[in-house]
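Input: structures, listed below.
Two complexes are shown next, each including subunit A; its partner changes from subunit B in the first to subunit C in the second.
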Partner chain A sequence: MINLLARYVNLVVLTIAALILISFSLPYLFPGDVLTNMSGIVPESEAQRAALEGVYKLNSSVFVQFWYYLNTLFSGNWGVSFSSQESLFDAVSIAFPATIELITYALLISVVVGIPLGFIGGIWHHKPFDFGVVTFSVVSYSFPVFWLALIFITIFSLQLGLLPLSGRVNLLYDVPHHSGFIIVDILVADIPHKADALYDALQHLILPTLSIAFVTTAIFVRFTRRSIMDVMEKGYIDAAKSRGFTTKQIFFKHGLRNALLPILPLMAMQISTLITNAMVVETIFSWPGIGNWLIQAIYQRDYPAIRIGMLVVSVFVVTLTFTIEFLSRAIDPARDKFERATI
Partner chain B sequence: MPRFSLYQEEFHPSPFMHIWLEFKRSHFALVGLAVLLMFCGIAVLAPLMSPYDPNIQNTNAILLPPAWEGNGSISHIFGTDALGRDVFSRTLHGARTTFGSSVILVIIALLIGVALGTLAGMNKGVKSSVLNHLLDSLMAVPTLLIAIIIVAILGTGLLNSMMAIILALIPQFVHQTRSFVREEMKKDYVLLDKLDGASSARIFWKSILPSMFELLAVQSTLALSVAIIDISALGFLSLGAQVPLVELGASLSQSLEVAYSAPWLVALPGFCIFLMVLAVNIVGEGLRSALRNRLIH
Partner chain C sequence: MPLLDVKNLTLEIDTGTEFVKALDKVSITVEKGEIRALVGESGSGKSLIVRAIIGAVPDHWIITADRLTWKGQNLLAMSNEQRRMIMRREIAVVFQDPTSSLDPSATLKEQLEESIPAELLDKGRFWQRAKQRKDIAIGLMHKVGIKDHQSCMQRYPHEIASDIAQKFMIAMALVSEPELLIADDPTRSMESTTKNQILRLLGGLNESKGLGILFVSHDLLAISSMAHTMTVLYCGQTIESGKVKHLHRRPLHHYTKALLDSAPSFQVNLPPKSHLVALEGTIPTLQHLPIGCRLGPRCPKARKECVKVPEERFIQQHAYSCHFPLHLPSAARSHTQNTNNIGTSTKEYFSTDRLYKSDNSDSENSNITSQKTEGNEQ
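Let's turn to the complex of A and B:
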């Protein structure tokens, strides 16, 4: 166990080190002035350029520069955005929770809907209901997420006028920024019409969450269905049957638990898909998350923002992926080495 | 000398024939295959099939609805867009770009991935371990993020977005190949080859690669559906194919401004992408269940 933990910690640290190294080298690779790419400031005079070069240690060796970069990174002094000149650290700390909130709800919906559907399909496989489940999963897996979001907007916002088109919460409600999670912020905030604000925020959440959850649910359904079908063919299920357990006992005590085991590593694999979908959906719904922020940054060629955004998102994804993989191996030591699952 | 067969009535299909026999038992899979072949045909023949040049602007017919609507015209079957370009021709050319580039990039990713995966699977120790961890971390970085970095360095364009998606797809191929090769290397027929004095290259070409074909076919269909969605998503965000080149995702995002007055401009390219991915997924699903059934029988 300790050994396993050490291996995973080692893996995470090495990967993050590699990512930091990549992000360190990016300003040299981006087109334009290295100094501007690093700091986000266009030097107006020679004196200012010299001063900035002194700050970023551009005259020293690469190792000194890297050491300095590490220091600034860990002290939270990430420079300023090229286009808006605001601190990148503040921008990220506002944008990132919004994305995390969105993908958390999407993941929650996919787990709550996808896993039971997959189970029922797997238990009754090759029956009409299972046929419906498989059709649903193949069809919804094939939806391009941006088109799905546009369809939702057309139906629910434009035609029926039920749900808001974009944003996070109506501007009428002035929600102070605490944690960055809009639901939490509204709940702890001391504002009038709290219930209305909450209702409004939930309405804003529905369409983006559903668009992301649609594809992820399909993947969960397919994996769960396959997993339960495999488990029900195992010898210990036959043994339980021969001992005279009822179907219900066999399913809940032997089938369900064992079938759930391979689903955790599956979650780890879906995080990067989830983030990609979330980034696309955020731009469509103007959700003020990190994906929208990064894509605006690339439109404006805001290189300092791209560099930091890339580092933050990839460190988040890598840490989360490896944590879940570690958990799944710690829970299920029987699996010698986790192999990437196939759908 | 007349040959006679003692077991004339017995039919021994080859492994490929066996897959096909299993595959065609599912009607859905056959329909999916037909649609997929149609898209292959479009990808090759789009310039011959399309009635107009996709970029020619007919200012006399702007925002013409499709032919099946009341005031549509049969000369533009799918109508025209805000600049008077024929949507049918644009859909054909867009499908050609999206589908064609996805197929090409999957093939490139497959070749690189199998090569690296075989190296990692046949070697042991530090070399293989370093490669694995490197690719694992690459696998965890979202495709769109890789694309953003590549676009930031090299600029927008179809080739650059293809490069980003290739980079994102390679780790999956490497992983599959590596674990498969590693499993096969433990088996007795490989041991037999080794005892016969076969070199590693020969073991790979003659023994392991033929049995890996099916795994690669299934993995490629998965990768192809991801590639189509990613290429069109990058086009949609205008990071992929640029203007004179027609691409489904890009033409979808260009028609967003008139989406309310001309919903078919958003519906048609989107549906085309959806149909493409659906066909690939159905064929992949059919292939997988055919392989599974073949192993059971």
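Let's turn to the complex of A and C:
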């Protein structure tokens, strides 16, 4: 187990190192002045330029520059945005929790809805309920996320007027920034009309979460359904039947665990899709998350912001993917073990 | 009354375009305390019979049978729950491939303890049950010859060798104290030492507990040392069944003869470097089944009558399905002339009586043969 953990940590560290190297090289590859790309400040005089070059060690060798880049990266001194001259670290620490909050709820809905649906469909496959499940998963899998989000807005916000159109919480409620997660912030904040604020925040959450969860649920349904169908045809299920166990016993003791084991690594593979969808949906709903922020940065050719945003998102995806991979390996006793070495 | 009585079991499977009779009027019985061997080549439908008996066939396959009874109760007509209870307590199955028949994500301990029926846990309060479960499990593992139970209990199926897994499967089968053990080729792909251990284990259980065993295998050597009666299957048809001794001494069906001849250990005076006898051709596939007697195209004595499926005929306890059986020239001729004459079969009975008497007189001789085969095996 320790060995496995060490291998995964090694993998994560190396991947992140490669990402840092790429992000370090970006200011040199972007068009324009390297110094401006790096710091986000346009030097107004030769003296300021010389001072900035001194700070960013541009007149030293590449290795010194990289070492300095690492230092600034880990000390949280990420430079300022081109367009707004705000600290990038502050901007990211406000925007990123918003995204994480969104995809957490979306993932939660997908797991809670998708996996049971897939199980029921797989157990009763080729029955009317299963046809319903398959139809639902194919339809929702085929929806483009941005279009679905626009349809939701048209129906629920514009025509029915049930749910808010954009944003995270109504501006009437002044929620102080604490953890970055709006629900948590409202719960811990000491503000008047707390319940109303919570209700309002939840209303704001519904549409973006559903738009993201729709596709992910479909994917989970398909994975789970396939997996349980495969498992129920295995020899040990027949053997369990021949031992006279009840259907319930067979399903919960032998079917469920074996069907869930291969789903976990597949879920890990869906994280990048989830993040991409979240970025699109954030833009549409003006959700103040990292995706929206990054797309704004791209529009404005805000190179320092693009560089840091790309690094943060990819480190997040890599870490999460490897964590789930590691978990799935750790709990699956039969995966990648030496079959010949038996007693 | 036999424990298991199967008469004219037909199993039609869906090949996509049409239904094919994978099993065609198969009959087999297992008495209490009897070891019945079911032999046939690969692809002759041995495992399908097992699956049909235990009810593990897909819903869209069609099973029809004149009789498929367990102690007189019709297995096909009863509810799932009744059938489940019979499988739970009275019939146990050991499958071909032990490692794939064990749940890969549970330890052996969990799986063995799960198989213990709640009725067997009688003593003590509920907090003592876990201990009792463990004791029963350990006792069973010792009984099937796994001495090192400590190291086995905590392992997962992929961590143990296949022979231990097979012993473990037998332990799981014995846990509910069944009356019939269906062993579907339990010694497949095992080397002879391990195989002998498993066979001795099964034989011992039969003697000590009167456990009825339906032993499915293509391994004639293994069967001859152990089984009391034998049923020969070819391409989904039962072609001959009877006492092992009788089948060895005087096979009535051409296929049985060819099967026995192909195993050199059964031929007492086999000269060195002589040809081994085998039938031409191979077993037909499900898509190209011949009509009538399915051995027809390969049978050395096939004639035009063989396009009709031969009826099962009996000489005492020895059943065969052939129009032109070996060793019975007169009976065969009378059959071809008058197939449905009941009088003929009585005549046949008397005419073959002599044949069986002589068989009994040289039973000493056959004992020597079987000892010899055992000697060869070890």
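Going forward, the second predicted complex is superposed on the first by the 335 of 343 C-alpha atoms of A that agree within 3 Å, B and C clash if a C-alpha of one lies under 4 Å from a C-alpha of the other, contacts with A are read in each partner's own complex, and residues count from 1 in each chain.
Please note the rule applied: contacts are C-beta pairs under 8 Å (C-beta built on N, C-alpha and C of every residue); 3 or more make two chains touch, one makes a residue touch a chain.
Predicted model only: the values in this text are computed from it and were never measured.
Placing subunit B and subunit C on a common subunit A by superposition gives a fit, with no clash between them.
Of the two partner chains placed by superposition, only subunit B is touched by A:Leu150; subunit C is not. In the superposition on chain A, contact of A:Phe82 is made with neither subunit B nor subunit C. In the superposition on chain A, A:Phe214 makes contact with neither subunit B nor subunit C.
Once the two complexes are overlaid on the shared chain, A:Leu14 sits against subunit B while remaining clear of subunit C. Touched residues of subunit A were counted for both subunit B and subunit C, and B has more of them. Taking the C-alpha centre of subunit A as the apex, the lines running to the C-alpha centres of subunit B and subunit C meet at 70 degrees, rounded to a multiple of 10.
Residue contacts after overlaying the shared chain place A:Ala239 against subunit C, while subunit B stays out of touching range.
After superposing the two complexes on their shared chain, the closest approach between C-alpha atoms of subunit B and subunit C is 7 Å.
When the two complexes are superposed on chain A, the residues of subunit A that touch both subunit B and subunit C are 339, 342-343. Of all residues in subunit A, those touching subunit C in their complex are 234-236, 238-246, 249, 253-254, 257-258, 261, 332-334, 337, 339, 342-343.
The residues of subunit A lying in touch with subunit B in their complex are 11, 14-15, 18-19, 26, 29-31, 138-139, 141-147, 150-151, 154, 158, 271-273, 275-276, 279-280, 283, 291, 294-295, 298, 301, 303, 306, 310, 313-314, 317-318, 321-322, 339-340, 342-343.
Touching subunit A in their complex are the following residues of subunit B: 133-134, 136-137, 139-145, 148-149, 151-153, 155, 172, 175-176, 179, 218-219, 222, 225, 229-230, 232-233, 236-237, 239, 249, 252, 256, 259-260, 263, 266, 270-271, 273-274, 277-278, 280-282, 285.
Residue ranges on subunit C touching subunit A, taken from their complex, read 51, 54-56, 84-89, 91-93, 95, 97, 100-106, 114-115, 148, 151-152, 155-161, 164, 169, 172-173, 176.
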